[in-house]
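Common to both upcoming complexes is subunit A, partnered first by subunit B, then by subunit C.
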Partner chain A sequence: MKKTCPNPAFLGFLIATAILVAIPGLSYVKQRAPETIIPGPGVTRRGSLSDYLPALKGTSADTPVFYLEGKEPGGTVLLVGGAHPNEPAGFIAPLIVVERGVAQKGRVIVVPYANGSAISHTEPLEGSPASFSLKNKAGETRVFRVGSRLSNPLDQWPDPALYVNEKGQVLSGSEMRNLNRAFPGKADGSITEQIAYAIMEIIRREKADISIDFHEASPEYTTVNAIVAHEKSLELAAEVAMYLEFDDIPITLEQSPKNLNGLSHREWGDYSDTLPFLFEAANPFMGRLRGKTDETLIIEGKDPYYLAAAKAKRLNVPYDEKGLPLSYRVARHITAFRYVLDTYNTYYEEKAIIVTDLPEYEEMAYRNLGDFLN
Partner chain B sequence: MKKRVFLLAFTLVFAILVIANGPAVPKLAEPVMITTAGQSAGAAMMKVLFTKSNIKDFVFEKLVTADEIEGYETLVIVAGASSKGLGAAGIDFDGETQRVTALIEAAKKQGMKVVVAQIEGAARRGTSSDQLFSLFVPMSDWVIIVRDADSDGFFTNLCEEHGIPLTIVEKSIEVSAQLNAVFE
Partner chain C sequence: MQTEFIILLIMLGSFILFAALRFPISISLIVAAILGALCSGFGFPLARLVEGAFGYLDAIMIIATAMIFMRSIERSGLLKTLANAIARVLHNRPYLLLAFMTLFIMFAGMITGSSTASVLTTGAIAYPVLTQLGLDKKRAGAIIAMSAIFGMIAPPVNIPVMIIGQGVDMPYMGFTYPLLWITIPLAFLTSFLFGGKYIHRIPKESIEKGTGGFLVYAPFILLIVLMLLEELRVLDLGMPLVFLLCALCATVTGKRFDFFKSSVEAIGDSLNILSILVGVGMFIQVMTMTGVRGFVVGSFVSIPQSVLFLTMAVGIPLFGAVSSFGSASVLGVPFLLSFLSGDVIVVTAALSMLAGLGDMVPPTALAGIFAAQVVGEKSYFKIFARSLISVAITIVACVFVVLYSKHVAALPPWLFWVVSGGFLGVLSLIKGKEAPKVV
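After this line comes the complex of A and B, so read on.
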């Protein structure tokens, strides 16, 4: 029998196709691989979001939950990062608490990557880098994924034309994949609503006295460099805002609108006894005016177009040649968190929450952020 | 604790160093009604500042109306427009300006002193907020602001033009000391 050689052109086509499939395929797999978190000495226990809603077990939405438990009993604070994983300071700030913080009294519960589905893909059409890296004190590189504002369509699809959330708020269809529009969530709802429900369950079952949601927003947005507080927590937030202002950290205070449903600062307060806060830091990486969108922009926060906008007085936050680096944005969040605890402890001595070993604002802002990671 | 002692010391120092421009600041009396013009959270900050002052007879009502201020001696209006706040309060900008205008007119009619405050700094400046300041500063007896809110001289000029005493503090936390100084 005569052997036939495959057509070289066809063979070339097969190889090229294999390469073209393999490159995005590997990128896809890499984006789903969770980054290493190195818990510090303060972490006493590690669990999962699925502990609060077993339906999430084995899904891409399941995510680690860290517990820092003090020897002395006190109150409980919940820190939620990564509700929008395209907002890096939103998950790095709670990660620093996990890797550095020690609870002396009371408990800190941390969910650094609240939306495990949204971290598994980048924002479509934004030219966003898939990751950024920081060097720790030992010179080792820590790589962090950059995710999307919305859950991965591979986990939740299709979007409806309009999304009517649990509270009847009507939103555009894609917002159905936005965790911070899905509260209080549904145990048998979409994967995003299930995540929201599980977070509500942490607040309720663990009796979180305080719950903080960490975010970032574009410098031209109206609610930025801000604390948004439910009416229950507004006076504590007012005091925190004054302490931040005293430290020359620009801050505004906003009250959570009662008619803006689905957001953490509204529903956490309405559906539990917790005192909710949402922190918002300004990040040019998030904005419409930005130029080159890369890892450097995430870390250094310097952008010539934002500088021009600032000079034209078109921004809602101070912005100059120093930019708004990740270290500054994270330092703001950590400092605001510390002031929330200080203020809370003044009024609720019997349920005080004391956390030590967190870096001070001056130590961290405009410095190498990796120095504060393990 | 150290921080609080430091803050107290800082506040006392600035109570002495604070700059008071133009006409004399009037003496104020309790009870005090605190409200907002524009529904920003600055009014909540003012409530905290009153709590930390020596003034004990005060009430905070963010939607107080002209017929609810009988018996009060001083009306404190913390001005600053917030779309979130207006939404939360269920009132629009025009409704808010009408409410506060009527409130000040009623306060004046019954001999109350009116204070306008801006304690949220530059972040609470802008077209809508400036519209509120332009409306209500000329109707007031005393204006107290943080320096950051006056980087363009807006308040200095407005108060000079209308002969209103203006007190400028560096940080909002110093307002408590100013209140202690002006309340009899």
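After this line comes the complex of A and C, so read on.
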């Protein structure tokens, strides 16, 4: 019988296609592997988000939850990082609490990577690096993934033309994958809505007295270097803002708009008894004016175009040659968190939450951030 | 000289070089992206390039399925029946007929968001009617190209607006009337400017009869119903599925045709524009990685307010030479941020119109090149030259819309229908010239 030989051109095409698929494919698969978190002495228990919504078990959205429980009873604070995993200070700040903090009184619950799906990919057209690394005191390299603002389309796709969230807010279709538009969430909804629901369940079941959502925004954005607070936490937030200003940390205070639904600072307050806060730090890596988009920009926050824009008074935040390094952005968040606790403790002594061993602002800002990680 | 400026020159230079060497536009964009990455020290970032290629996946799916739909209704006889029905009813009202043919050409662009789709489907079907009205190749080609561009910007589907909206977290809502105000008057003006002096009545006997009965219109009616249901949030199937369902409907409501074969042909015809979107995705991904996007955006936003309008008017259509979608993404967002004191929806609508004009700018010039093919004109530049006056008027109109955006936003929706209805009513009264006697 005559053997037929495959067309060499076709064979070549198949091999080239296989290579073109395999190389990026492997790097995308690598992006799904979670980074190592090294809990510090303050962590008394580790759970996962699926404990609050079993439907998330085994999905890419399931994510670790850390508990720092004090010997003395007190109140409970929930720290949510990584709702938008393209905002590195948003997840590094809660990670430092996990790796360094010790609760003396009350409890701290930390979800460093709230949207486990969004950290598993980067956003097309944004040219983001897949990861960045920091060196700890021992000289070891800690690698952290850079994610996307939206859940991975492999987990939730296609997007509708318009997204009408649980509260009837109409948004563009892709916002259906934005965790911070999905609150209060839905137990049987999309994966993003399920994450939102599970976080609401933590707040409700654990009776979180305070809940903080950590974010970053581009320096030209309108809500930046800001605390956004629900009306019931507004007075506390005003005091916190005042303390930050005393420390020369520029901050603005914004009340959560009542008609902007789906956001953490609105729905956490409307759907539970918690006092919600959202922190925003300015990060040039987020903005459209940014130059070369690489690891250095994430860590050092120095960008020539932002400097030019600042000189032309086009930014909403101070920006100079020092840039806005990750250590500064994280230091802002940690300091704001500490002031929230201090202020809360003065009003709610019986439910005070005392956390020690967190670095001071001066120790951390503009220093090697890796020194504060295990 | 700034590094990013040098990389921009390398990327644009290699793109123009490869396009001039007659490589497909998409390949030229991909080569430019790879060179940009190599020259800025990123090596050959395959994973990032592939990621960029997926940047416009949703738009690609909408265009691909819309093309299948358009090809299906062309094969079923719907388009020809509709064009002939319009021509038969209005054969002795040439001005009104020209206005309706303009809307007919725009239709495909309105539902696909692509000027290419518009030119290749409704444009190609309208061409015989335009020649019967008395227009030569160049005039008919210019009307088809420009109407197709107005169609891609007109609602319900406007991809540049969606792209700009993504950049500033703005939902695709409330754009219907601003886009109608911008596109419909300019489309009519363009058609009358190019054809008003030359058109005449058409002898009824020279118009072919349509092929089907009322049933042939069923896919079109289904499309409107499904879009309305989506608008009312009763049923959200997504545009790609809506187009595919309507295309399937066309297989049983008109002339029988091989759906698989026509779909393959439709995808084949649209591969050019689909691959351009892939190339634009890679190009913009590398522009962003390398800092070229920051350089471009930074340069534009640091321009003094006094000349901002001029740079917007010239820069956005010119950047459309790479791609109108790319122009919307790279320049649309920073310009919108510069005009936040106006009505953001109206400003975005005007910016999308300026980006759409990029489809007339060489070397890509999708609308112009395909229109030249449709009318059998060898040189695209003759169509381009004929269209320049309309391009200029559109640019000036967009600048005024941005300047007076709050006034445009305040116009009540009913006024659009009163003005349009009144205008068409006036046209219906004009009998026009007799058709020249054939000796």
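Here are a few things to note about the model shown:
Assume the second predicted complex is superposed on the first by the 356 of 374 C-alpha atoms of A that agree within 3 Å, B and C clash if a C-alpha of one lies under 4 Å from a C-alpha of the other, contacts with A are read in each partner's own complex, and residues count from 1 in each chain.
To be clear about the criterion, a residue touches a chain if its C-beta (ideal position, glycine included) is under 8 Å from a C-beta of that chain, and two chains touch if they have at least 3 such contacts.
The model shown is predicted, which means the values in this text are computed figures rather than measured ones.
With the two structures aligned on subunit A, subunit B fits next to subunit C without clashing. Contact with neither subunit B nor subunit C is seen for A:Asn136 once the two complexes are overlaid on the shared chain.
Applying the stated contact rule after C-alpha superposition, one finds that A:Thr59 touches neither subunit B nor subunit C.
Residue contacts after overlaying the shared chain place A:Asp342 against subunit B, while subunit C stays out of touching range. Once the two structures are overlaid on chain A, subunit A sits at the apex of an angle of 90° toward subunit B and subunit C, using CA centres and rounding to a multiple of 10.
Look at A:Ile23: by the touch rule set out above, it reaches subunit C but stays clear of subunit B. Within the superposed three-chain model, A:Pro257 lies in touch with subunit B and out of touch with subunit C [touch as defined at top]. For subunit A, the partner with contacts to more residues, out of subunit B and subunit C, is C.
By the touch criterion defined above, A:Phe246 lies against subunit B but remains apart from subunit C after alignment on the C-alpha atoms of chain A. Taking the two complexes aligned on chain A, the least Cα distance separating subunit B from subunit C is 10 Å.
In the three-chain superposition model, subunit A touches subunit B and subunit C at no common residue. The part of subunit A that touches subunit B in the complex is made up of residues 222-223, 225, 228-229, 231, 234-235, 237-239, 241-243, 245-246, 250-260, 316-317, 342.
Those residues of subunit C that touch subunit A in the complex are listed here as 2, 4, 40, 46-55, 58, 61, 162, 165-167, 169-173, 230, 233, 236, 238-240, 281, 284-291, 293-295, 297-298, 301-302, 329, 333-334, 337. On subunit B, the positions that touch subunit A within their shared complex are 3, 7, 10, 39-42, 44-45, 47-49, 82-85, 87-88, 90, 120-124, 146, 171-173.
Residues of subunit A touching subunit C in their complex: 20, 23-24, 27-28, 122, 124-127, 130, 158-162, 164, 170-175, 220, 288-294, 303-305, 308-309, 312, 314.
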